[in-house]
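Look for subunit A in each of the two complexes below; its partner is subunit B in the first and subunit C in the second.
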Partner chain A sequence: MTLLEQLAQYIVSGITLGSIYALIALGFVTIYNVTGIINFSQGEFAVVGAFVAITAAQKVSLFRGQAAVGLEWPLPAAILAGVIAAVLIGALLYRAGIQPARNASPLSQIVVTIGASIALRGLVLLAWGTDPYRLDPFSAGKPLRLLGAVVTRQSVWVMGLTVVTVVGLYLFFRFTLTGRALRASSANPGAARLMGINIQRMGLLAFVLSAGLGALGGIVIAPITFMTYDRGLMLALKGFVAMILGGLTSPVGAVIAGIALGVIESLAAGLLSSGYKDAFSFVVLFVVLLVRLGGLLGARRGPALERAGL
Partner chain B sequence: MSDTLLQARQIYKAFGGVQAVTGVDLAIQRGEIFALIGPNGAGKTTTFNVISGTHALDQGEVIFDGHAIHGQAAHRIAALGLVRTFQNLQIFGTLTVLENVMVGRHMHTRTGFVTAALRWPGVRAEERETRARAQAYLKVVGLDGRADEPAGSLPFGQQRLLEIARALAAEPKLLMLDEPAAGLTRPEIDALNSLIRRIQAEGVTIVLVEHDMNLVMGLANRVAVLHYGRKLADGTPAEVQADERVIGAYLGVGWDAAPAYA
Partner chain C sequence: MKSPRTYVLIGLLLAALTVSACGGAPSAAAPTSAPAATSAPATGPEQGEPYLLGAFFSTTGPASSLGEPEANTVTMLAEQINAQGGVLGPDGKLHQLEVKMYDDQSDATVAVEVVKKLIDEDKVTVIVGGSGSPASIAVIETVTGASVPFVSVASSSKIVTKDDGSQHQWVFKTPQQNLPVAQVQYEWMAAHGFNQIASLGVNNAFGADSMAALKMLAGEEGMEIVWEGTFEAGDTDFNAQLTAIAGTPAEVLVVHATPGEGAPLTVQFRDLGLEMPIIHNHGIGNRAFIDTAGDAAEGVLFPIGKLLVASQLPDSDPQKATLLQYQADYQARFGKPPSTFGGHAWDAVMMVKGALEAVGTDSAAIRGYLESEITNFVGISGIFNITAQDHTGIGKESLVLVEITDGDWKYVDPAQYASVP
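The block that comes next holds the complex of A and B.
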């Protein structure tokens, strides 16, 4: 393998990994823009989504072998089940955790999401234990080759689904009444309320959307890397880094930064040492925070930042 | 059906130890232009805010079109047909001019987010209809040429017109304008004057807070004067201008020769 082929390989793996960060970061940005809080259970949505999809798709034993599940649903149904499970949890989190605390400071609400993530991680541990789980790849067949790099079929799925999701979200925010109401709520919540927009409902919708995005990310990555009960924390941190790199409020920024982060990690792991992979993400975050507080694409440190207590 | 569209009885609002509005009564008739005037700090904007639900009322009641609206959420009050604009503009800067007006039609659209996400039949039609109507309201205020620009990039006077177009798109029964002329140039104020008259001619009742006495006295059917949070007088512009308490407290002698911001 030449160096060039190696580089191509690292970049392809990086884009695959980065797509997941991008989806999770998009969830962060959506919730932040509408409600002004940072939802640290974002990673748990990915984990729960993946575990439910795995459980629906293949034979799994739960609760230390107490319950055997053999649904073996077709893949699309399993994916849908995973996304729906995460969406329901997102809605529950908003209704039971965030909405009752709506008059509390954003910082208190953020603590609620941290609490929820710990609780969810515990529940997943109870049900699925500490074993790593893997979902079968979405389509069988030989890996493809691109510029000397090996591209697994699942990588193509990951990138394709990310593109479809991002484009779909763009169309939703741009061309639907509800999408526009969401954007209006984030641009000026007070005025949106006076236009008859129910801000609480928009907050719920933001959590539902973000949960769905996170779950999709967790499910598509599950055939590539094993899913364990505690992966949510690291996924959330990476998504959070991507969100900040992307300028905190910009969906486009979040996607670009997420993919860039994946590529940086992959290059660092390949060229230096895989042990430093995670450290690199945080070094990048550190440098960006020092040099440009508003992130790479962020316009400025706006009132939104102060609102979040950052 | 009564001719009174909005009735405020004995409304009170304090901020900390400051009593901003003290026992104000207002009755606004259907179809009229009603102006609230008074010196700075008289409680005009606070009165506006508690009626429109922007701030909670301490005491008193507000009946709008047969509904008790005090204590209601702002989005419910808006849905009943009471829509307001702001002294400090409250547009959606990151949305386009047209999108701002489309959001104004929000409460007249029925599609829930589940159907919208799936784009069921009818969603597209509703979207098209909303877009067409929003265009029409932009035309009313003369902004139809700038529909696709980001709203935040419009000059100040046009942002104010945009806010009015957005409020009109909600098809309000009562339109509340908070200092619509503030910061506008004289030609812009003249255009605003004729715009407000056209809105009244469409059957919309209008309440405005305004400092520009020439605009108020020429436009309003009735005027209420607030002073230190209390209502000093109300009546037709001629009655109010002749009222000695009002002259002493606010207008001064020969007010019409003084600059707009007395």
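The block that comes next holds the complex of A and C.
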């Protein structure tokens, strides 16, 4: 490969990976905007979603070979099963974890989500063990070529699904009554309540949406990077970085930042030092936290920031 | 406000946490002993006191895929030995072999604790175990301080070799070093006439040791490492590294990884359409690699111990009979084929058994036996010749090159190196 082709390849790989960060970050932003908390079990939604989809799609043995599952559903049904499983867990987390603690400080609620993520990781470890699992690519065939860079068909799926999801979410928030109610409760919870919007229900909806987004991200990336029980934490951290980079409350910002983060990582790993790929993300986070939250944003902390105790 | 639901939630979370914790850590406190009480045979030697063997493996936690077959093998061997009446000691009496076995939970700190327990409470005079290199390295100081011989089943050269190149007095190990693995890789490359290599490995003790071995031999083999890079354990996206490699004149890619990273790496390598061959090290020698990498695994080469391809070995191979016997025994006892890791435990136990037969239970005598009397010992991992200068005792003859073909491992005869993959 020439240097130019390599650069194109880094960017393509970066966008693919960044799309997943973007989906996770979107989940973070949605929950944060509506409930004012940061949901650190966001990465676990991706893991659970992917594992359930893999289990539905192919032969898998669970609990150290104690149970064999051979559903072999068609791919769309398996994906749907994965998303639904994550959505149910998201709803359960909100109902059993966040809602009862609604009068506690946001920090306490955040701790609840951290606890839930550890518990979920443990359960996934029990069921699926430590081995990596792979979902078959959505469509078979030779990779495509773009400016000398290889674009696998799964990468196209990843990018395409991200675009469709982002556009769909935008339309939902803009043009449906529920979407508007969600936005209203994030803009001004008090006024929204006076208008007859059920804030609790909106919180539940936010968790459900985010869980679905996370699961979709986890499922669509599973053919490329496989899935292991402990992926959730790193995915959540990357999504969190993207959320902060994107300005904490902006869905558009989160998507752009997520993709940018993927590209930065890819370029840094390829051109600077491959061993410190993750470190670059966290250096970016560190710099942004130092400069932006303390400096640029400090002067105009919104109510949402105050609520989160940031 | 503390609603009842808050408590329900806390209860649920605690329950989930406890369940996952239990899954990760049973049986740390209670040793499992192999059945020791069988009646002495009617005739033959008199029955003596049981001989104690200390053992600790990572039967739970991330290294459990190593620890489980190791623990199984020790259990199976103890059963076999005891069914034959026990170990015939130098006193002319038969001694049942009583195994005190603990789980180190894949945690080096726990490993040190259980080794102290084995020495101080159970009063064992010889120990086998240490599934992961970190656990084995962590207990060196403890066994050395207590003057108890320890036969490790983990691979890092640091387990037996000090920084100055001499050997730890009380520590031995049964798995191959990484150096002979690199030697086999170079032999294969030489057969193809390759001399420019890209080397990509996981950034931990395992990867670093393997990469260092490859690098160390590159000069004398007339090879040049034109690109060298790492990734973190747990990484799953390697497109950046692979793209960088595609921009170099490398003729072959050498990977130092375990299936967790090795499988996605191989898939992405194929997806990128890189045309150079890919050769792994022995880290990918289990079923999980083929199962997860699928079609991408076809044509992957790696050097490994002979157990994996025992039935395909030429009949002239001196280890073949031992290997097939172990495979058959393990399959019959546990209903699945053994892994290379279990083989390391087989070697450790059988060496110790030899020592117990020859010198009894004195720690210093066992150590002396292991260092001077293990010659041409036909084991699972290789044919051992342990000396004071080499506490591993096996070289590249213990390894074979394996190719993954049709979803299975295929033995590659050294004469055929130039035609694979």
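Just so it is clear, the second predicted complex is superposed on the first by the 303 of 310 C-alpha atoms of A that agree within 3 Å, B and C clash if a C-alpha of one lies under 4 Å from a C-alpha of the other, contacts with A are read in each partner's own complex, and residues count from 1 in each chain.
The working rule: a residue touches a chain if its C-beta (ideal position, glycine included) is under 8 Å from a C-beta of that chain, and two chains touch if they have at least 3 such contacts.
Source: prediction; values computed, not measured.
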**Prompt:** Just subunit B (first), just subunit C (second), both, or neither: which does A:184 touch?
**Reply:** first
**Request:** Once the structures are superposed on A, label A:2 by its partner contacts, choosing first (subunit B), second (subunit C), both or neither.
**Result:** second
**Request:** Quick one: classify A:176 as touching subunit B (first), subunit C (second), both or neither.
**Result:** first
**Prompt:** Is A:192 in contact with subunit B, with subunit C, with both, or with neither (first, second, both, neither)?
**Reply:** first
**Prompt:** Touch check for A:205: first (subunit B), second (subunit C), both, or neither?
**Reply:** first
**Message:** In the overlaid three-chain picture, which partner chain does A:123 touch, first (subunit B) or second (subunit C), both, or neither?
**Reply:** second
**Message:** Quick check on the superposed pair: does A:31 touch subunit B, subunit C, both, or neither? Answer first, second, both or neither.
**Reply:** neither
**Prompt:** Comparing subunit C with subunit B, which touches more residues belonging to subunit A?
**Reply:** C
**Request:** Mind working out whether A:46 is in touch with subunit B, subunit C, both or neither, as first, second, both or neither?
**Result:** neither
**Request:** Based on the superposed arrangement, let me know which partner A:152 touches: subunit B (first), subunit C (second), both, or neither?
**Result:** second
**Prompt:** Which residues of subunit C touch subunit A in the complex?
**Reply:** 1, 3, 5-6, 8-9, 12-13, 16-17, 19-21, 23-24, 62, 64-65, 200, 203, 229-232, 234-237, 239-241, 243-244, 246-247, 259-260, 263-264, 267-268, 271-273, 288, 292-294
**Request:** Report the residues of subunit B in contact with subunit A in the complex, numbered from low to high.
**Result:** 52-54, 73-75, 78-79, 83-84, 86, 90-95, 99-100, 102-104, 106-107, 109, 111-113, 116-117, 119, 123, 126-127, 130, 166, 170
**Request:** Name, in rising order, each residue of subunit A that touches subunit C in their complex.
**Result:** 1-3, 5-6, 9-10, 13, 16-17, 96-97, 99-101, 103, 112, 115-116, 118-123, 125-126, 130-134, 143, 150, 152, 224-226, 228, 230-231, 234, 265-267, 269-271, 274-275, 277-278
**Item:** Residue ranges of subunit A in contact with subunit B within the complex
**Value:** 172, 175-181, 183-184, 187-188, 190-199, 205
